[in-house]
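Since the structure comes first, as structure tokens, the remarks are kept for the end.
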Amino acid sequence: MDKNYMKLEFLSKSANESFARVVVAAFASQLDPTLEELSDIKTAVSEAVTNAIIHGYEYGEGVIIIEAFIVDNLINITIRDSGKGIKNIEEAMEPFYTSKPDLERSGMGFTVMETFMDSLVVESSEGKGTVVRMTKEIKNLSDEER
Amino acid sequence: MDKNYMKLEFLSKSANESFARVVVAAFASQLDPTLEELSDIKTAVSEAVTNAIIHGYEYGEGVIIIEAFIVDNLINITIRDSGKGIKNIEEAMEPFYTSKPDLERSGMGFTVMETFMDSLVVESSEGKGTVVRMTKEIKNLSDEER
Amino acid sequence: MFLEMEELENNLIVKLKGELDHHSSEDIRKKIDAYFSTSSTSNIVMDLNELTFMDSSGVGLIMGRYRSAQEKNGYLIIACDKERIVRILDMSGLLKIIKLYPNLDTAIRNI
Amino acid sequence: MFLEMEELENNLIVKLKGELDHHSSEDIRKKIDAYFSTSSTSNIVMDLNELTFMDSSGVGLIMGRYRSAQEKNGYLIIACDKERIVRILDMSGLLKIIKLYPNLDTAIRNI
């Protein structure tokens, strides 16, 4: 795969969490990733989309936008909401930090994204929304290495 | 499923034909369709996306946009390109009509869409592009009826 | 998309597996044509029973190979009992000119 | 997402199957809580071996049920040997306070 691009918009409904995972996984599968790499991507996307629904839109109506670019064997994924935004990004990204412990959030979302992807950048502005950018290189293992 | 919406944009590459099918099928599966209904939708989407790639953009670069709405148990799918458009829509929709017999097209694309979906509307303007609108009601059969 | 080809007397047996759409049919067409054009066989038997998806691009692929066989004074027959695929073949008028058998064994016995 | 619950002596055995995310965990939580709050059992055994997906929402679900068990002076243990899920549990510090066994049989024998 030389280059490819897709953009997906959908409503901030929790039923769309699994939909978002399937879409990004189907797109990423053009790079012939291992099952492990595909699960890494699905997990990271799930975290970011869930955050947009719970924290960004606080269960209200909103649109979530996922963009994914493929260049050679790198996949670049951006997940964007126009929700309430994050005041202190550094604090938000700390393991175990959550602003919604009452909703049984673990505060591990960003940590999971960081662990499973190669890079993670979060941009946010209060009242405007949040953008999560992640990249992952797909190793393209030969069949024996899998 | 009360109401849901998604919009997908992607490049007019033939490798994205199967990607588009997976995305629409994953979205439609929220209505709990039978395998048969899901295949109907996948086939119709495949025809419209293939047409955008071959006829709309004539294998050149372009963006294809799919929108899907769910309202109760109806799914409404729109596939749009900004390609060369269709001069005579009536003729184009006739079974066996193809402008590209040399490419081994059968001229059956629109007929397949009409057969597998409940409704099909095609809008097009030369030099601007084509919009294909299709709907299908998902019967929500009980387990015994499947 | 997988493709298996095998010669049996005067017949080229072509087994298709997976999803046959416009994208995959381009590659399949080239492979069949490359094989068939240099093979001494003149008939083609297409086994579609392991396809999990086919749209009208499949019809174009089959029509094209039907013509290649005709050019060698041979013919093409299809092995398929998947309802959905048979429906598309029927809709396209292919079954008026091409013989259909439910499976490869029956197709071969009736060549 | 499927859920199976069964009482075994003082333990509520909870088997989760499918994809455990924020969406499915809401439903699962309600069902476990409704059962456990009226049950005479005080421990929870969570079998995660048939999960095909879990993200950090699963961690929240498990932490919450761990607390419910504590409130009944019981405890929660996990049966799981899926590497990816164990990794998320470990990352979240859950394995410092919750015992993990590779499968349900071993978990039950060691309650």
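Chains here go by letter, A, B, C and D, matching the order in which they are written, and residues are numbered from 1 within each.
As a working rule, a residue touches a chain if its C-beta (ideal position, glycine included) is under 8 Å from a C-beta of that chain, and two chains touch if they have at least 3 such contacts.
Predicted model, so just to flag it, every value in this text is computed and none were measured.
Trainee: Following contacts chain by chain, what is the lowest number of steps it takes to reach chain D starting at chain A?
Mentor: 1
Trainee: Taking each chain's centre as the mean of its CA atoms, which one is farthest from the centre of chain B?
Mentor: Here the answer is chain D, farthest from chain B.
Trainee: If you average the CA atoms of chain B and of chain C, how far apart do the two points sit, in angstrom?
Mentor: 25
Trainee: Whole-Å distance, chain A centre to chain C centre, using C-alpha means?
Mentor: Averaging C-alpha atoms per chain gives centres 43 Å apart.
Trainee: With chain centres taken as the means of their Cα atoms, state the distance from chain A to chain B in Å.
Mentor: 28
Trainee: By the touch rule stated above, which residues of chain C touch at least two different other chains?
Mentor: Residues of chain C never touch two or more of the other chains.
Trainee: Among the residues of chain B, which are close enough to touch at least two other chains?
Mentor: Residues 15 of chain B each touch two or more of the other chains.
Trainee: Which pairs of chains touch each other?
Mentor: Pairs flagged as touching, ordered by label: A-B, A-D, B-C.
Trainee: For a test of understanding, state which residues of chain A touch chain D in their complex under the given definition.
Mentor: That would be residues 14-15, 17-18, 21, 36, 39, 42-43, 46-47, 50, 53-54, 96, 103-106, 108-109, 111-112, 115 of chain A.
Trainee: Would you tell me which residues of chain C are touching chain B in their complex?
Mentor: 19, 21-23, 25-26, 29, 53, 55-57, 59-61, 63-64, 84, 88, 91-93
Trainee: Can you check the complex and tell me which residues of chain B touch chain A?
Mentor: 1, 4-11, 13, 15-16, 19, 22-23, 26-27, 30
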